[in-house]
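The structure is given below, and queries will be raised subsequently.
Chain naming follows the written order as A, B, C and D, and within any one chain the residues start at number 1.
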């Protein structure tokens, strides 16, 4: 299942070239992750209040074309690999003219907030992730 | 006592106009506050680990001239009002040509991290603040 | 006329205390300004492409209560003073429980992008600002 | 040649977990790139004023351990592949205890700022890059 999330590019996110600075894409992906989870009935805030955090193990970006100020970006996000110890996401970012701007992936894992050790995701969340 | 702190402007902090985006100044001030305290023997990290946080009650900025990419900014920071319940800072930001770019002020207060209520700053910190 | 703009707080915008870091509010205000102008038929992007920029002369914030991760903020923005050479905005930020978190103001002025000098706002924009 | 660049972690760069939010690393790398170039006699600002920009084609990060507030990071940056049309950088980030936190790579290419097309890097810069 691919979830579509829309983000309007902020002025502050653009650089001297007039493009979205590449450091902002990680925040865009995170917002998209939050929203695909919300669409599945999980709020990441509740997970974290429940003692589970989901750090990023790795992330990678391929930039094809630049996003620009005031663009209305569409982020296609999907969960591509997921077990009870980790969860990988894949993303494609398009602009309002349906041009593919960026490919990205992130690998996340589940960590117990108390002892900061990797943990298995409890059953109640696992069902929703699928 | 005025403390001088130097910051090199990052590319990502500049906007389409080529200027430092105004949202970044709050981070510059915070870095300058951290360093004036360090020069007095206090690390804010230790204060926070010690259960004391220092939220911003108000802040204001007057922008006179723009800072630009790769500028080496000098921030003159001083503590202008301080008691055991609050602490105010004043800032002036200059570029490498000694041109005054920005005036700013912040009002901070001390809060107990456990119960999130205002608190008096313990004696051991208070001496250093002066 | 007060325009209401909604912003969901991003994870990356929150700090060690779990609060929205105060440096992010300037971006929230900017997004709200962009949207009140859009509601009046002006896109700031077009203004800038038309050679007019609108730098911030001053800004101030009063923080009453903290915003937190995943809060759905409502920003009430209005134009409180406006002539053909400048434009001031006032903002109030509320959370989803209708609690007032922050007051803020910004003073902007109009600048010719070519020569970087203050300018009068052309008639066609001025009407929409009102 | 490996260049060592030091960055003090800002409060604003840390998240609810107390860790540097992963979106900030791209800015750290950029600052390190700027400084390795400066050490070779090139300021990126001059290159850009000279009509040459250096967009990021791809970037990837492996996060091994988290950086924390007030850490003094050491970034080891080196140019690992470079021709007159592109330039790749490799990075390792360590904390003050010499613990390896992050591996990263970026692929950049040279673009003519006027027409936004890929270009060869002029001879005068090319020598310094080596």
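Things to note:
Note that contacts are C-beta pairs under 8 Å (C-beta built on N, C-alpha and C of every residue); 3 or more make two chains touch, one makes a residue touch a chain.
In this text, all values refer to a predicted model and were calculated from it rather than measured experimentally.
Set against one another, B-C and A-B show the most C-beta pairs in contact at B-C. Across the assembly, the mean Cα position most removed from that of chain A is the one of B. Rounded to whole angstrom units, the spacing between the C-alpha centres of chain B and chain C is 23. Remark: chain B and chain D have CA centroids separated by 26 Å (rounded to whole angstrom).
Rounded to whole angstrom, the centroid-to-centroid distance between chain A and chain B, based on C-alpha atoms, equals 32 Å. Taken residue by residue, chain B touches two or more other chains at 11-12, 16, 23, 26-27, 30, 48, 69, whereas all remaining positions touch fewer. By the touch rule above, chain D contacts chain C in their complex via residues 11-12, 14-16, 18, 21, 23, 69.
Across the complex, chain D is touched by residues 8, 10-12, 26-27, 30-31, 34, 43-45, 48, 69-70 of chain B. Taken in their complex, chain C has these residues touching chain B: 16-17, 19, 22-24, 26-27, 30, 48, 53, 55-63, 66, 113.
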